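What follows is a set of structures to go through.
There are two complexes below, and they share chain A, which is joined by chain B in the first and by chain C in the second.
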Partner chain A sequence: MWGGKLRLPPTSDPGSLTMRERIGRTGGELRRLAHDRGLLLVLVVVVALVATFVVFPLFQVFRESIFPRGQFDATHFVRFFQGAPFLITPFFNSLILGGLVALTGTVVGFTFAFAIARANVPGSRVFRWIATLPMISPPFIMALAAILLLGNRGMITQVIHNVFGVRWSIYGLPGLVLTQTLAYFPVAFMALEGVLRAIDRSTEEAAFDLGASKLRTFVKVTLPLAAPGIGAALLLLFVISLGDFGNPIVIGGRFQVLTVQAYLAITGRYNMPLGATLAILLLVPTALVFIVQRYWLSRRSHVTVTGRPTPSTAHASGPLLRWVLFGVLCFLSGVILLFYGMVVYGAFTHLWGVNHALTMDNFRYVFSVGRRYFMNTVQLAAIATPIGGILGILIAFLVTRKRFPGRKTLDFLSMMNFAVPGIVVGIGYLLAFNAPPLRLTGTAAIILAVFVFQRMPVAIRDGAAMLQQVDAAIDESASDLGAGFMRTFGRIVLPLVAPAMFSGMAYMFATCVTSISAVVMVVSARWQLMTVALLNDVDNAQLSRAAAWGVVIIAVVLAAIFVLDVLVSRLLSRRGSHGR
Partner chain B sequence: MAGELLLQELTKVFFGLREQVVAVDHANLAVEEGSLVTLLGPSGCGKTTTLRMVGGFEIPTSGEIYLAEERITELPPQRRNTATVFQSYGLFPHMSVFENVAFGLKVRRFRRAEIRRKVEETLALVGLQGLGGRPPNHLSGGQQQRVALCRALVIEPQVLLFDEPLSNLDAKLRVETRDHIRKLQKTLGITSLYVTHDQAEAMAISDLIAVMHAGCIQQMGTPYEIYAKPANTFIADFIGRANFLRGRVAQITEGEMVLDLDGGDSIVVAASDGYAAGDRVKVVVRPEAVDLVGPGEGELSGAITLAHYTGSMATYQVELPDGEVFNVEVLSPQEKGFLEPGTEVGIRIHRKSVHVLDVD
Partner chain C sequence: MRRWAVGLCALALVGVSALGQEVLNIYTAFDVDQAQTYVEEFENAHPDIRVEFVRLSAGALLARLRAEHPRPGASLWLAGPSDTHIIAAAEGLLEPYTASLGWQYLPEWAKCPDGYWSGIYTGFIGFATNKDFLEEHGLEPPTSWYDLLEPEYEFKVSMAYPYTSGTGYTRLASLVFLLGEEEGLEFERKLAEHAVHHYTSSGSAPATEAGLGEVAVGIAFSHDIVARAVGLGYPVVMSFPKEGTGYEVGAISLIKNGPEPELAKVFYDWMMSAEAQTLYQEWYRVPLNPAAEVHPEAVTAAEVTLVDYDFVWAADNRDRLSDLWQELTGF
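Then we have the complex of A and B:
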């Protein structure tokens, strides 16, 4: 009756086990793959896509910077270390700008987060809505608005000139800090609101109980607990500012930054190696920040996640602080609304700074001459969004639920573009797909590829979050009952995450429609996009028409969010009887 | 006879960043055709990992799995003829009960009429007739459990795998469902591997029990053998309750063995192989395998320090002279009288129930 021989718990040296067992693991996974055709096929396709559209372009940027025309030539890097201004200046300018925006953006973001999450200011829903507005509009809308108000022919500028006789304008570092802060503080707000809400209120209450004042509690308890979140927000804003292209090209003036210089080197001077070198100079600090974030900051989180929401009766602030915060939020929101209002107003004027008479001409232009840009943008974004969304979930499913050799590598590579600034991706695409075998330059395909693969890390992260809501036993059941990989994914996994996927798609569509930094490198005469048209109009001092583009872009995004929202609630109500 | 399901030196190592965990350590197991074998052990003992390797959800680090003499070690779940009843059921929430059960048949390309017939039949078998149109989350927990069972049965697997299938049910339903599963399993003659941490459940449902601890199968036997002749201290302690007494083999005669208990009298028990006079041993005495008698009458004596009355049973803790605590369970205490703490008692051991182990 004894099927198993008696064994005592393992006493063998674990070190000696490692080698044999490690080989055993990879071997087992490989042999498994050989028996699982569906998974193997999907893996081959996914790996090929990631290699072609993520790894290869980035590799091309590195190659171009040190092996231009196939020969080793590190001149630009040598010049950089020798202190050549055309390389050093944009490098340090970018770092300075990034540092400043990280500070201001985090302060504004924290103020919003604290006021809404902890101080219970009145009208918090309105404030939250205003704070998310910049996230769904093209970030350089802020720069456009700043020019309308404070540019050479801006409303406020002209008042200053008339009253004080001073010629002053916002171009350069001040304008950049202002516009990037307004455009990107919502990122810090979102992150910090989550962190502040996650801090267990009992820690603060304990401090009060022990006799600490509110200020002391804030400084000694709340801030240290939020510190990892604040650190993360600082780093994130730094990276976003560094990679921003839209604002500096509009309002940067003589203040040279890496993204714009790389763009100008390639499109203006056709100097590919210089452009690639500037891209690498941009990539290095960005990548460093992500490494710091990943391996250092992420281990220092003190926030206790209990999964049980603590009732949000705020004690953290007295009435005085609450009203002060309310005032600050009103002011900041007022500025944001003023900026957006300026764009809307500007869109209905003849020629900004010259003739402010109201007209519909700009919109007539947008929907006649510019109709093709509109259609291109909407169509390409509409095609890229479901592809990107499904691909994101597919890769998330592969790396979280399946076992195969190289799983961690695929995870890393597919998430890599998260840490690569858009302009670097764009330059990579320009270099990678300029020649056979994959000549895509000038086609719609290259824009689609940029849309899909630049957003892919976000799609994968969202996909992984969605899959966490699906019990692993569900998809295991499907394969247990005989379903192959494609059937399990298509019939079980996708339908279950569909509602969440559609919600995520609205955001993905928005980022495609509003994106500029990567696509600006790959658009062509045939395939122009609205954001690029907007920049061109700014460049040609057609500010009113640029504003009209801005209004249309925001309208498209809002419409998409609305449509997908309706779609999701339809889907959920239809499935109501089945719903999870 | 060759087992229908065979595990050979099956090992699973999980590699973490800094450490590796040997979840299953060279497990050997045979499940004969038509029998139900239970993997029993505390949480983290490797029983679920073993089951998941049989189902194809984990890839073994080394070792082999054979099903009806075919090697299935690396086959993905969809290519092995096993079916699992998951702890959380894993029902497809976007499909009706009927569609859930029909899923495996559709994959196997059965004809529509055939599918309908088989699904209705199997639903009736588990008592769910008429509920096919419902979405699974409109059913009670017990009904969901039966849908999961039904969905596994309908594809007529060579082996049915149960991963703690009753742990989400309340106590009463658990006993009902357990008996239902056992009855179905016997009638249909399905080879089954069953995982649980509940020893009562294992005892009630199994032909054979494999007790696992720290990744190893430590003993395999019938419920009777596991309880009466535990292979080591861990198993004696894990299955039911046990008192451990230390002693020495005083002499061995024809079929009998005299043990001198430390701090007590000697006791005559049935002889076990492998012991010689003078060996130190550990004696396993179940709490119900003794009688409480007057002071000085049994092999042991002491004072009651704790007494609980639970209706069907009285449980006592008796402190022996050497300070050790001895647990005693007395059935139908109404007959024998309930003893108060402080009472001096003697303990008479039922000699046939005593089991002798090596001192570890």
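Then we have the complex of A and C:
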């Protein structure tokens, strides 16, 4: 799953140094490094981890796509350029789907963001809560619900058929656009809400004062100011849609996409070169998007906030618009709740489509036969979360507070998985860790590694944000008083950011428990996950039981968020009482 | 400060599991709930052994064995058409075992001459058709492969991918044995172009999908059609192509270098017993142990027309036919 923020952290400062200055600086950095053994040790470990678990797997995907079994063989790329349908069709389908979802998701996200941030619709807290729901549940819950509701024999489909005599098919492109939009618009919403809030209202007010109508102000002032945010949301949604695996495998129908084809090529027939080629085809547009994002969009920033945002007296919308927006939000939220409600209802039915009598059987199954899936998921996510959280802060601390040669490279590489679709990460792990020296397939370690390193960019970004709250003078004075790196980090930095770290962990835990696209490649006999169980049941058309898995997954996530929330508030209140 | 450290540790320790029982790891092509039936009975009979299993479609299972070789994560391969076991044996992924109880009673066609696998059930490819759909359109259930190309069924049929699923490949190979390679593949292409609503990676899913009404017809093995649709109460009628259909010999085999070879043999022997194969009744499978009891509704060979199915040829040509199929259909 993806974080709400859009930009990779800045990895470059103006390269205006001369060669000599650069060498001189590097020398100084090296000397300082030699003094602090702890820092040096930590650096070596972090670099080794990033090289092993981020760079090496990705390298293996490239290698396998053109050098399978050690010999140059680009058959699949040749077939791609010759127009072989089994490569061309999923490629263009993925692009088309990504484009459409980028549009619809951004429109829905913008609507939510505008209504909540600018139009002050009533009940905005409820709407925001509903909009975050898809972020803490497995994305393909939406596809499952879509089948229950709108499938060829779905609840709504049947009603429409009985009343109007019309039938449609939700499978394929329409269903995918619908389900991905519902699953991923929150990403656009979170991003755009920030952008819209950051727009200084006095610019809009100035437009009003100069006699512009509200519509004209919106089109001529608000939209252009929000444009970079909108552009970023479009690109991000495009990439997320491209990388989505859960929805297409459930509701794709005849519409093939790259993620699913790569998965089938590898798990279905062990055709690693074909799988790796499809992964590269997936990676190319994704990488292009991030390049566009970094070098084009980031230069067109129109951020208007320089000081404190001015509290607004006049809203950007009149009462009419506000109520229209309220209506639209009610409708969209209704759809989301209906989808979730359907999954909950489905989970309590005996046998979907035949016997809708209510039962607990599906949950009994989940906690008897499926107990292992449940336990493994909770165990692994619970172990990965603190590791990932601390590692994220550690790397953030290194790249923002410390000076050492190769800092920018480390920054870039550790953020790289942000741009790599999950299925590609999974394929890379399968290729990289199936042979000595690091044979991890079939172990818990490989799942933990996927959890930790796929989410690391978000953890680092969160870590960097937390560190901004900590005055650099504090940890510098610890260093000046003779504390080594380990001591400074362990005794000063970590305790200071602990509350924020716990809040970040709730989200991290949620993304571990709900993730599917990377881990589906590395689960094993001994180590299984709930999302994979859900996928298997959908695959076997056992919809009631799949729904029960969905409910349990969401319940686990909500419970984790609740527990960490309590923990954080305890921590803060203790700290408060100490202060007094 | 110590408090947050304790909190962290508590979080990390939420699940540390330690169990000191003998564990047998199995890969199975049986659906999870069905595998659970056998595993539970086995554990009752052998309380000192605990069984962990993973369910994978036969093709995916073979893919996993190839990927994990030479250090497989399981010791026993339970179920799935013999073609996939034959391929695995040829690739050196299996361990021969002829000392099992069942070796004597199995006919020649139901076991590997070198002992790499033994048959444990048979099943036949059939059509699962939704009754409501038939009623609505005033149709009879399809009784020919060619019925599926009729306009009434356009984009209303689901079936498994030949490369992920043993069921899917048995279907493809059956058509090749029936019509010849070129014609058979061409027929599959026509199905893909005109009839297929979607392909599934699981072989039994199409039966249930026909039951749900998501598709009109699902192509699957007879025992899955009964167990996954008819027997559950879904409005499904089962029929078979009159031209002839393919069948599988579901097999069991020992995985080479498996971590628990001795435990695997215990399960192997048990699975060959009449007692174990009588459990098939719940799932309408046809046992190969002549002493096992057969469910009266289970479909037996006497009720269907069979193609001349050559398991060794099917196994030898699996990858080649799958590639050709993908080139032709684009799926």
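Note that the second predicted complex is superposed on the first by the 541 of 580 C-alpha atoms of A that agree within 3 Å, B and C clash if a C-alpha of one lies under 4 Å from a C-alpha of the other, contacts with A are read in each partner's own complex, and residues count from 1 in each chain.
Everything that follows uses one rule, which is that contacts are C-beta pairs under 8 Å (C-beta built on N, C-alpha and C of every residue); 3 or more make two chains touch, one makes a residue touch a chain.
Computed from a predicted model, the values in this text were never measured in an experiment.
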After the superposition on A, what does A:48 contact: first (chain B), second (chain C), both or neither?
neither
After the superposition on A, what does A:291 contact: first (chain B), second (chain C), both or neither?
neither
Contacts of A:559 with chain B and chain C, given as first, second, both or neither:
neither
Quick check on the superposed pair: does A:478 touch chain B, chain C, both, or neither? Answer first, second, both or neither.
first
Regarding the shared-chain residue A:254, is it in contact with chain B (first), chain C (second), both, or neither?
second
Using the touch definition from the top, say if A:35 reaches chain B (first), chain C (second), both or neither.
first
Touching A:153 in the superposition: chain B (first), chain C (second), both, neither?
second
When the two structures are overlaid on chain A, which partner does A:525 contact: first (chain B), second (chain C), both, or neither?
second
Determine, under the contact definition given at the top, whether A:495 touches first (chain B), second (chain C), both, or neither.
both
Could you give the residue numbers on chain A that contact chain B in one complex and chain C in the other?
495
Per the touch rule, the chain C residues reaching chain A in their complex are 1, 3-4, 7-8, 11-12, 14-17, 25-27, 31-33, 36, 52-55, 57, 59-60, 62-64, 66-68, 71, 73-74, 155, 161, 163-165, 196-198, 200-202, 204-205, 208-209, 211-215, 228, 232-235, 319, 322, 326-327, 329-331
Mind pulling up the chain A residues that touch chain B in the complex?
1-10, 14, 17-18, 20-22, 24-25, 28-29, 31-32, 34-36, 39, 403, 471-474, 476-484, 487-488, 492, 495-496, 575, 577-580
List of chain A residues in touch with chain C within their complex:
84-86, 89, 147, 151-153, 169, 171, 252-254, 256, 264, 266-270, 351-355, 365, 369, 372, 375-376, 378-380, 382-383, 385-387, 430, 434, 439, 441-442, 491, 494-495, 498, 502, 505, 524-526, 528, 536, 539-543, 567, 571, 574
Interfacial residue positions of chain B with respect to chain A in the complex
3, 11, 13, 15, 20, 22, 25-31, 37, 55-62, 73-79, 82-84, 86-96, 103-104, 107-108, 135, 137-138, 151-152, 155, 208, 210, 213-222, 225, 231
